[in-house]
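We call the chains A, B, C and D, going by the order they appear; numbering starts again at 1 in every chain.
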Amino acid sequence: MRLSFYQRNADKIRIFLFILIMFAITSPIILSYFWLILRSFSVDMKGFIPTQLTVKNWRFLWSEIKGYPNIWKTTLNTAFVAIMVMLFEVFMTSMGGYALSRFDFPGRTSMMKFILVLHAFPSVSLMVAIYYVLKYLNLLDNLWGIILLKASLETPWATWVMKGFYDGIPWEMEWAGLVDGYSRFQVWRKVILPLVKPGVAVTAVFAFLSGWSEFIFINTFIFSQEFWTLSKYVKATIGDFRFADYGLLSAVGVFYALPTIILFFFVSKYMIKLTIGGVKG
Amino acid sequence: MRKVLLAILLVASLLIFAGEITITAWTVGPDNPSFYRFDNLKAAAERLNKMFEDAGVDIRIKVEGFFDTTDWSEFKQRVLFGFQSKQKFDILCSGHDDLGAWARAGYLAQLDDLVKRYWDETYYDIIPSLWDSVKYKGKIYAIPQDTEARPFYINKIVLKKLGWSDEEIEALPEKIAKGEFTLEDFVSIAEEAVKKGYVSWGLYHRPKKGIDYFQIFTSFGADFYDEDSAKFVFNKEKMYKVYDFFYKITNVWKITPKSMIGTPWGSVHKDVTSGKVLAWMGGTWNWAEWKRDYGKTEEELEKMFLVAPFPKSRYGGRPNTLSHPVVYMIPAHSKYKELAFLLITLATAPELNMKHDVQSGHLPIRWQETVLPEYKKDFIMMEGTKILPYSGFIPNDADFDLFNTIIFEGIQWAESGKTPDKVIELVSSRLKNQLKDKVIIVEK
Amino acid sequence: MKGKGKVWIFLTPMVVLVVIFFAIPVVLTAILSFTNMDYTFRWDFIGLGNFKDIAIDFVIPKVLLNTLIYTFTTLALFNVGCALLISLLTTSMPDRWGSFFRTLWMLPRLTPSVVYGILWLWIFDPTEHGLVNFIRAQMGMPPQDWLHQAPMVMIIVANGFIGASMGMLIFTAAIKAIPTDYYRAALIDGASWWMITRKITLPLIKWQLLFVTAYQTLSLLTSFEYILIITNGGPTFRTEVWALYTYHMAFSNYRFGYGAALSVILVIIGIVFAWLYLKMFKFEDLMQKPKVEVD
Amino acid sequence: MPTIRVVNLKKYFGKVKAVDNISFEVKDGEFVALLGPSGCGKTTTLLMLAGIYKPTGGEIWFDDQLMNNVPPKYREIGMVFQNYALYPHMTVYENIAFPLRAKKMEENEIKKRVHDVAKKLMIENLLDRKPGQISGGQQQRVALARALIKQPKVLLFDEPLSNLDAKLRMMMRAEIKKLQEDLGITSVYVTHDQAEAMTMASRIVVFSRGKIMQYGTPDEVYRKPKNIFVATFIGNPAMNLIRNLDYIKEKGKAFLVSENLRLELPEDVAKKIEESKNSGKFILGFRPEDAKIDQKESDMGFWAYVYVLEPLGRDLIINLKVIGTEELIKIFAEDEVNIKKDEKVFVKLQHGKIHIFDSETEELII
């Protein structure tokens, strides 16, 4: 039995080839982020070559820029919105997902279908209607309004995700808890919830992300500069592109994107557990 | 004189207010350098507070709010919701063309009486044509904050290469203003310059929707608004010529890139300032931008560009430029309308307004500003003011933006190669569909 | 009945908020579609007036066509196609490399939309300063004007690079959940990578493929944020999709009533697709009855 | 059919030495079991034989061909997995045909072969079903059919019977053995069940922690366990151990003693102990069937209390607590002995059927 070089190393060659293909299709991402970071440290760019390096673009970190609120206050607002959206969403979906996964109640099926239908609604087209709701609740120009709104809009989809994670937990766990004398609520709280940690992590990350990058609602329903978040700050540096200071813009953009990327690294191991809606083979 | 007026006002107001009053101002650039629109109000408040202090009055004014640098449409959306929900804001800054819609909806306070009250003090001095821009159905709803001209920048260096003498070049703006040098003359020069390889392109216009294009309508004598009936006009015969022009610059003469609309601003300015283009339909504010962001010095710019009104067409119309004053308005629901107006009046002081003009490249709104030393030092401001007499405005109609959107769609179609006949049909049917009886279509 | 109440402990927080901030606005929007509300915010009912206008709005066919092209091309090439390719390739290489690439593909989703929009504007910049044209220039080719040559390609690619990440996550999770013994058995049986992929992996993640297809169809139908930033629907409606048209009508032209009517139609289209997909992947299978009758 | 030779084979996962320098040989047509507790490296070894894992070091030979870098598809092996690894979306027919499809064989030929092998394994009537619709035992047969269809030269089994119930397992055990003997395919069989290994294999490799503890015929590993691990792992119940014994000599007689226990040793045994290198501490081992219960003391044995009785129907296992060491031992009762709980009895060991291990190395001395 004589094997050719290719037969012997087919595996290695294939892997090498795959890595090559991945590099090729990923290259726009790699190159553009590389450019973004480089751009934030340079006066101007000729293709990929900075004409002159500078840290001036990062001046917003240590000095106020005319017409803009303080960056740290803005960052704090952003974090506040993101964290609150995350908490609300995790709270609602970890309970809602459990109910949909584990309870039999009238209207369960229609509720799940309704959730999918809600997803068909472009949330921005609801803006005028949402405006009336916020006005009625006296939540205009108020970050809480944004938080509740954002969490509610994301919840239907996130509930599906959570349901998927709950579906993956063996019923024996539940039975054991009930046999041991706990109520359904206690079983959920003490037994099941710790087991869906990956699901909670995934939901939390996506919720945090959506809160962190929320722009349209903040731009429309927040009037005071003291409630600005980073998305608004970035948009302000862009303007309508005519007056964009690209250096500043890249720096603010990098500053804005960094926390989410760091957060993602911490939870990326949970991401591979993402399954939707009780997948059956 | 001023102090006397104020004192009277104060005594009256003393009975009502005491302590600190917060005036909230929503202002917008969206260009960063226009921050004096907000800061001048703060400065006005300081002046007022100083007067209060001197007069021993125990009232202080505090100005809050923001200076928005996102973009027009997002700002206007927010303002609209702000009006409807009666957010607390007392001064609003926006383009003059918004006041039609907002006045019609009843969001704005009428200012005729207040203007009259301070007429002798300040408002007599406003460049008269500007008042046209702040009226809706004959009533004043805003105070001009700045204005601008949209000069036709022509590259002198290229003209020289084409064999023009210095004298000929110097005389060109004058000839354009008198209508002796027409748009068609320009086109043939542009074709020549492109053909000879002196420039890549003959004519650049803004790469987005905007109001600059209405200058070309005026050049062809295509009126687009009927003041008496307050309706838009779409004259098929005249507009045919306009769209024919847009069609030909990219498709026949090829003096404008087909990709003009959609090119990033940065690339547009790079091309214009690096001499790749013969003429640029820009604005006075570009000057400051070029110096700040594109590494040009005042000398280089003065050497490179001549500034003229937009030429008229050989077939009727007039040379013109379009002004788009930004104005201060007062919401109808504001609790402190008079105080707000007072602040606006103080912020309209020549030296404060001039700071804004110098910083952002806009033009003065008061005659008194033209005698200030800053004015005389500023080439583009003086040149720009020279073409102000040719200026027109867009109508203060509530539906102007919709009209503009549809007109602009037509421009894009024409430039991308749809024949003018087709474009005329598309645009007129769309206007009918969207604006219904708000538009008069004049058939050929 | 005492028992049935328990479920509401779990459901109430979600239901209350979703009703207030989602369901009520949905109903309000439906009502709004029968008014001609504009910037004056008056609820003037005009019956089916908006829908009649839509019927004769000649931009609509163009917009509809764009929407279909945009939705299904992006879906096929990226949200499902590219996502699947990435998942298959990255799960067939050492995991260190695999997670490296997957993390990179998450970047677009992690990047705030405005910043992401800028990146693509730069990539497709028509001058030689842009990435694509820069690379072309290195190879001696003249710069191309992508916005006018291929605006649809621009928005499909830009959206695709974001859209691929969700499918990628779900497919990767699904592939990793396939018992390794299936692969070992197939390897021993002499199956090639391609045969394993075709005969084993793909059939076993069929459900996920359907789910992502269904879900992303709806997402794409309703998404327009990046199109707004990158082409704003232009040039001349060439990238104007239904959701963006809705937005333009409502928030550029302040025809809120008309915009609401447009979005109602979009929702109906969405529901039709959702219904089709539900039929296709036997939604009821997902609804297995809970196996506990205790409350 | 090839002879498999494994030489100094190593497999490390990071710092974990899953397989640590092992060598053994499987002769042409032989049936060898790899036996050990879970996590001992036996499955890793099997996967290296299959070519799924690449060795960290050492060599794998099929006859005179070095296999280390040969991909699985060229190794001509068949494998049966613990969970059968039947593809749930394919019918039984498709599952069995899968290896032939990989070879791009002609459809007629595939059909013929599938039916042949299905007939042999008595699953012809199941060909149209999906794996989810048939029983565990049937799935087992399908898996076997899939392994056999390409007529492999080596068969690898990874705990194939562990998911079956006890009765089915006994049946399949015999069937697989018969099949292997009929076909004469060189086979390696991984299991943690010593009974399976003993009954089926011609030789057994006993694994512990990545190392080979002993390699021998079932009889060898049972009768002559090389160390405590093998001694206790093989046999059910396991070998009894009495630990912590000292060796002393009194009046020319040799004894193993602890505090309250004294066991006289035969001369040959004593001699072996003295000749061996040892730490001075010893472990005594004997199989449950190699001891007898007596009421009175005799020459070789010790006293113990009856702790628990486990009747098995045919047999009776007596659990005893050794007096003095408190260690528990199990002994098969000979007859229907009349014994009660807590009774004090004498455990009599049989000459030649005791094993003595060194306490430190746990290696067999005799």
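Please note the rule applied: a contact is a pair of C-beta atoms (placed from the backbone, for glycine too) under 8 Å apart; a residue touches a chain by one contact, two chains touch by 3 or more.
Keep in mind that what you see is a predicted model, and the values were worked out from it rather than measured.
Undergrad: Tell me which chains count as touching both chain A and chain D.
TA: Of all the chains present, those in contact with both chain A and chain D are C.
Undergrad: Computing the C-alpha centre of each chain, which chain sits at the greatest distance from chain C?
TA: Most remote chain from chain C, centroid-wise, comes out as D.
Undergrad: Go ahead and name the chain pair joined by the largest number of contacting C-beta pairs.
TA: Maximum number of inter-chain contact pairs occurs for A-C.
Undergrad: Average the C-alpha coordinates of each chain, average all protein C-alpha coordinates together, and give the chain whose average is closest to the overall one.
TA: Looking at where each chain's C-alpha mean falls, the closest to the middle is A.
Undergrad: Which whole number of Å gives the spacing of the CA centres of chain A and chain C?
TA: 15
Undergrad: Between chain C and chain D, what distance separates the C-alpha centroids? Give it in angstrom.
TA: 56
Undergrad: How many Å are there between the centre of chain A and the centre of chain B, using C-alpha atoms for each centre?
TA: 40
Undergrad: Taking the mean of the C-alpha atoms as each chain's centre, how many Å separate chain B from chain D?
TA: Measuring from centre to centre gives 92 Å for this pair.
Undergrad: In chain B, what residues contact two or more other chains?
TA: 77, 84, 264
Undergrad: At which residue positions does chain A touch at least two other chains?
TA: Residues 235, 238, 241, 281.
Undergrad: Touching at least two other chains at once: which residues of chain D meet that condition?
TA: 71, 88-89
Undergrad: Which chain pairs here would you call touching?
TA: Every touching chain pair, ordered by label, is A-B, A-C, A-D, B-C, C-D.
Undergrad: Across the complex, what residues on chain B touch chain C?
TA: My answer: residues 73, 77, 80, 84, 101-102, 104-106, 257-259, 261-264, 267, 270-271, 398, 401-402, 405, 409, 412-413, 416, 426, 429-430, 433-434.
Undergrad: Which residues of chain A touch chain C in their complex?
TA: Result: residues 14-15, 18-19, 21-22, 25-26, 28-33, 35-36, 45-48, 88, 91-93, 95-96, 98-99, 101-106, 108-109, 112-113, 116-130, 132-133, 137, 148-149, 151-153, 155-156, 159, 171, 174-175, 178, 184-185, 188, 209, 212-213, 215-216, 230-231, 234-235, 238, 241, 249-250, 253, 256-257, 260-261, 264-265, 268, 271-281 of chain A touch chain C.
Undergrad: Can you list the residues on chain A that touch chain D in the complex?
TA: Contact set of chain A toward chain D: 1, 3, 7-11, 281.
Undergrad: Considering the complex alone, what residue numbers of chain C touch chain D?
TA: Checking each residue of chain C against chain D gives 179, 181-182, 184-192, 195, 199-200, 203-204, 206.
Undergrad: Would you mind writing out the residues of chain D in touch with chain A in their complex?
TA: 65, 69-71, 74, 88-89
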